[in-house]
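Next, two complexes with chain A in common: one pairs it with chain B, the other with chain C.
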Partner chain A sequence: MVRFIGSRLLRTVITIFAVLTFAFILARLTGDPVRLMLPDQATDDQVQAMRHTLGLDRPIVVQYLLFLADAARGDLGDSIRQGQSAFGLVLERLPNTLELAVTSFVLGFVIAVALTIIAETTGNRRLRSAMLWLATIRQAIPPYLFGILLVLVFSVSLGLLPAIGRTSYASFVLPVATMATFEIALYLRLLMSSFDESRSLDYVRTARAKGASRARIVVRHMLPNALLPVITIAGINLGVLMGGTVVLEMVFNWPGLGRLIVQGVTDRDYPIVQAGVVLIALLFVVVNLVVDLLYAVLDPRVRLS
Partner chain B sequence: MAPIARRLLAAVAITGTAALVLSGCADFSSGGSSTSTDSARTTVTAALVGEPSTLDPVFDTNLPTLNVFQNVFDQLTTIDADGAVQPGLATKWTHDEALTTWTFTLRSDAKFSDDSPVTADDVVYTYETAMKNPESNLGGYMTAIKSLEATDDTTVVFHLKAAYAPFDRQVTLVSILPKAIYEAEGAKAFGQKPVGSGPYEVVKWTHGDSITLKRNPDYWGDKGKYENVVLQFVPDETTRANSVQSGDIDVALLGPASVSTISSSDAAEVVDTKSNRVIYTGFNAKAEWLDDPDFRKAVSLAIDRKAISENLMSGTTEPASQLIASVTQGYDASIEPTEQDVTEAKRLVAASGYDGSTITLSYPTTTLPQIQQLAQSVQQYLEKVGIAVKLDGQEFSAFSANWFAAKFAGLYLYAFAPSALDADLPLEMLLKTGGQGYVSDPQIDALLSDELAESDETARDKDIADISKIVAAKTYYAPLVADTYTYGVTKGLDWTPRPNGMILFN
Partner chain C sequence: MTQATTRLRSGTQAKALTAGLLGAAPSLVVASAMLVVVALIVIVVPLLPGFDAYSQDLSTVREHPFSDMAHLLGTDALGRDVLDRLSVATRTSLIVAFGAVLISMTLGLAVGLVSGWRRGRLDAFLMGVADIQLSIPVVLLLIVVVAAVGSSTGLLVVMLGLTNWVGYGRVARSIAVSLREREFVTAVVAAGGSSWWIITRHLLPHVLPQVVILAAFEIGTVITIESSLSFIGLGIQPPTPSLGGLIADGKNYLQTDPALVIVPALMILLVIGGVQFVSQGLTARRARR
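Moving on, here comes the complex of A and B:
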């Protein structure tokens, strides 16, 4: 177990180093922020002075080494536009993104499990295939489009819910609905195919032969096994969700991490982009580490190998 | 197995509850706009297209930020809804014959929102702070100033490095700081919750979301029309249009694509005003073929400006005749926009000996309305007269850097919108020898220095008009369309747009 955790931690460190390097290169590939910051009349001397204070006049290798040295000390630099700690600014927005991602994830997961149990226990084939069709259709619509459709119906036409911002609990409804329906579709399809695989397995036949009720077989015997592969996907997906809310945050003007990063890209605010990418990568890595460990706890075969 | 499943579901449920509790703890901003009738309306919500980096006027000069400053601070002079200069903190101003010494007389009844009076010292402090700090963006507006001094409590004298005729317009961009408060708090703290002497005060800045203002009841001039103003940051154009229709926002800048939706909406209407922005085609006049004035003329003649304005821009622009818009000082109404003339364009192309080699058309992929479609239209118009064009869309910051460094391969599309609504800045930048453009014309250079030193407005306007006529004759640029600022506005809202794109509520 110690070796298992140790190797996962080492992998985490390497991943973060790679992400830092990637974030650095990506952010510097295009554009110089200085001209965007200064008024049109600014003289060349003013431009040079600004480049110097930002350290942009140094060789790229020196910039990279300084960046790594600072990052190792937990300092990802100050935002070029706002002059405050980039990591601080990014952290300030994190809760707003987490609340969308986690709420959508939990709602999606729970509803998908509930729907699967209903479909399996009733054994209604039509209900089952209707659910699968709806799930496929929902997965086929991109979140951006689905979000705008919801806004057009519920905000613009019906005037029931706010179209943008994060001003009240009502503001959560549309973005969460956009994301959660996608999550429901994802897990519903995964769980159902998982169930398909286990239906003819020995332990299910044994349980049936024993005379266990259908509901009991589904909930107590089949569900735990069906959930195992889903956990891995869920771990990866929770990380994807963190990045995936970027689109939602643009559509619903949600003051989250994703919109901050997009703005950072537009403004050539390297430190914000770097800090944002590193934070999302960290979360992704941590969630996956937790999932790996959880898996080891739940499935003895992983522990042994 | 079964207990594990139960534990797992329990864990998910607990995480979920925790998330909901966490979000429950968070406080909400702005509180949403009220949908009360206009007479009882106390709160109005407007969309800004970007978020300020700081509310310290010394360090941010982007348009959305200037928009906040125009509501919260006073400037020496202001620009009215027709584009004319009006008194601000200064009640009157004079200059010497050489246009290098400018004297501004301040009003005595202006107060910062902490009740301290606005004095000449505050004005001098503001300018000097920005001029002394090489990191100050605002300092970029002050390159013409040599020094300034307060001769008494209400008089400020500026000494300029050279004659600068539009100086009374240039000062509209500089918001006056309260010296005592700024020094006591420091730039960082001041930038989060600034204190000004304008018609509104900053109540709260919720990062990533909005800035909330409240009316300054003691304002010396036209008081705020609404008790509360919420300026919400909404960068996405479609989102802005949707939120005007849903009533979440009362005033939002629109793009051509959203105009027809808003005009057929029950909740909102379209309000527009002529803008200071002109979209033009530029030439690298040193590149092969484009160094020939007749070839450039052919490019200009090939383009149908009316069709672009009416169809592509949904009527939100009109054909442009010169590099400055009609609201800008120096505009000459007698110059006509170039009409499309395919036959003449073809003749000029043939006469130039053009061999069919491909000419690059560069453009920024964002920040201009319908820019991708506009670039494609220009490409098609030019191909109709036999000019082969390759499109080169560049990411905005890269494009902007190329523009400053004059590094375009051939043709380019861009726009100029001088915030001070004066012709000098765009013409200096685009036309002066050694400027960022590709033009080197001694006649224009002479007119530019004349114009800056001309104290008589009519004579100065004539100099500028002469420049515009040379530009048209030699086709140094092909001005395409003059833009409007088009807004979606809640029906019945009492609000007037401004030609410099500022959203003001007093």
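Moving on, here comes the complex of A and C:
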């Protein structure tokens, strides 16, 4: 168990390190930030002075170590356009993105579990294959495209829901529906294939022989086992979910992290982009660490091996 | 024939039909039909007279589909022919996707086969790298790279290729691990076959079919990522038309001209649906053997 936790922690640290190193290397590839920050008519002396204040005249190794030290303190440089701490600006927008991602995840997961239970307890094959087919089709549609199609139907044609912005609870419906259906599709397929595998296993047969009802077998015996592998996938899927939300914010004009990052790219404001992506990567890595540890708690086989 | 047998027969027929529809073989048929439409638009449309995806004509702006024979699918906000732009956009997306998948597949095969064949420390190291690669969301990775060095189609192909190899690597490795204990491999080792010989001549032929099926599926994934990036303006850059770019342009006219979004949207569904059905059909066909 200690060894397991140790190896996961080590991996998390290495990953964070890799992300920061990558961000540092890319920052050197963006070209000279000084030229972007100073007006065009700046003299060479002014440029040199600016380079000195930013520490760009020091050896690259020193710059790298200083970068890591700053990053550890949550300082990823200042936004070129807005002059404030890039990490601060990014943190400000994070809640707006998280509320979309988390609501979609929770809703999607709960609905997928409910649908699987319904399909399994009724034993209706047609219902089951209809669900699987809808899930496959939904998964084939990129989130941003599904979002636009929803806007086309519910905002433009029917005029029921707001298409863009974050002004009322109604603004949540379309973006959340876009991501939640994607999540439903993913977990429905995973859960159903998990159920397929366990249906003929001994413990299910034993439960059936004891005279347990179908609903009880599904909910009490099969579901906990089916959920185990799904937890791992859920951790990895968080990255897809965050990436999808980032793109989706552009569809719905959602004032979140994604729009800030994309705006940063257009404005050539690299510190903002770097801070945004490092923050999401950190979140992702930490959530995956928690998922791995949770898995060990839930599955004794991992703990004991 | 009595009524009962008729009912029985039509019942079994219906069952066979649904089984068929939901099963593997017809999905290959459906997929082929979808991909034929895609191929027609990519290959035949550029051969038609008057093909031009770039010229603007402000006298024929946002014409509706099928209203003007010179512009079968209408024109966009700058008077450019939608069908012609769709053709070039689909070709661009497909070239990017195929290029990227080829890079990922080669990289994944190389890493997976070497890892699975050599095992030991090298294996642990390479799979550790794979884990780290997986723990950085691809879309975000691409966004930072574009932010740092700008976007070009070539860069997009290489970046998409380099970031999506893990799936192939894991499949190749798991098959290589199971094969290395088999007798035919042991026999080659005993006969003095080199690692390179064993990997290329004996392991690769077993691994390739599985990996190709995965590649067919991945083309859809890569097109999703590329078109998402192009949609937010960080992928393929104008004036080159791309499917995501067409949708982003059309989004501004959702109220008056929804066709500008619906046309490229249908194309994306055809391409992604087509390759996914092919992949499913191939998987089912292999499973049946």
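By our rule, the second predicted complex is superposed on the first by the 259 of 305 C-alpha atoms of A that agree within 3 Å, B and C clash if a C-alpha of one lies under 4 Å from a C-alpha of the other, contacts with A are read in each partner's own complex, and residues count from 1 in each chain.
Note that a residue touches a chain if its C-beta (ideal position, glycine included) is under 8 Å from a C-beta of that chain, and two chains touch if they have at least 3 such contacts.
The structure presented is a predicted model; accordingly, all values stated were derived computationally and were not measured.
Enquirer: Touch check for A:M250: first (chain B), second (chain C), both, or neither?
Expert: A:M250 sits against chain B and chain C alike.
Enquirer: With the two complexes superposed on chain A, say which partner A:T15 touches: chain B (first), chain C (second), both, or neither.
Expert: Once the two structures are laid over each other on A, A:T15 reaches chain C alone.
Enquirer: Quick one: classify A:T266 as touching chain B (first), chain C (second), both or neither.
Expert: Both partners, chain B and chain C.
Enquirer: Check whether A:A135 is in contact with chain B, with chain C, with both or with neither, and answer first, second, both or neither.
Expert: It touches nothing on chain B or chain C.
Enquirer: Going by the contact rule set out at the top, does A:G83 touch chain B (first), chain C (second), both, or neither?
Expert: first
Enquirer: First (chain B), second (chain C), both or neither: which does A:V151 touch?
Expert: The answer is both, since A:V151 touches chain B and chain C.
Enquirer: Quick one: name whichever of chain B and chain C touches more residues of chain A.
Expert: Comparing touch counts on chain A for chain B and chain C gives B.
Enquirer: According to the stated criteria, A:L186 is in contact with first (chain B), second (chain C), both, or neither; which is it?
Expert: Neither: A:L186 stays clear of chain B and chain C.
Enquirer: Could you say whether A:V204 touches chain B, chain C, both of them, or neither, answering first, second, both or neither?
Expert: Neither chain B nor chain C is touched by A:V204.
Enquirer: Looking at the overlay, does A:G159 come into contact with chain B only (first), chain C only (second), both, or neither?
Expert: In the superposition, A:G159 touches chain B alone.
Enquirer: Can you pull the chain A residues that chain B and chain C both touch?
Expert: Chain A residues touching both partners: 30, 148, 151-152, 156, 163, 250-251, 266.
Enquirer: Hey, which residues of chain B end up touching chain A in the complex?
Expert: 1-2, 4-5, 8-9, 12-13, 15-16, 19-20, 22-23, 26, 28-32, 50-51, 53-54, 59-61, 134-135, 137-141, 143, 188, 206-210, 232-236, 238-239, 242-243, 245-249, 267, 366, 395-398, 400-401, 404, 425, 429
Enquirer: Applying the document's contact rule, which stretches of chain A touch chain C when the two form their complex?
Expert: Per the touch definition, chain A meets chain C at residues 11, 14-15, 18-19, 22-23, 26-27, 29-30, 126, 129, 133, 136-137, 140-145, 148-149, 151-152, 156, 163, 236, 239-240, 242-244, 246-247, 250-251, 261-262, 264-266, 270, 273-274, 277, 280-281, 284-285, 288.
Enquirer: Which residues of chain C touch chain A once you look at their complex with the stated criterion?
Expert: These residues of chain C touch chain A: 18, 22, 128, 131-132, 134-141, 143-149, 220, 224, 227-228, 231-234, 244, 247, 251, 254-255, 258, 261-262, 265, 268-269, 272-273, 276.
Enquirer: What residues of chain A sit close enough to touch chain B in their complex?
Expert: 30-33, 35-43, 46, 49-50, 53, 79, 81-83, 89, 92-93, 95-96, 98-99, 102-103, 106-107, 109-110, 113, 148, 151-152, 155-156, 159, 162-168, 171-172, 219-221, 223-225, 227, 231, 250-253, 255-256, 259-260, 263, 266, 268, 298
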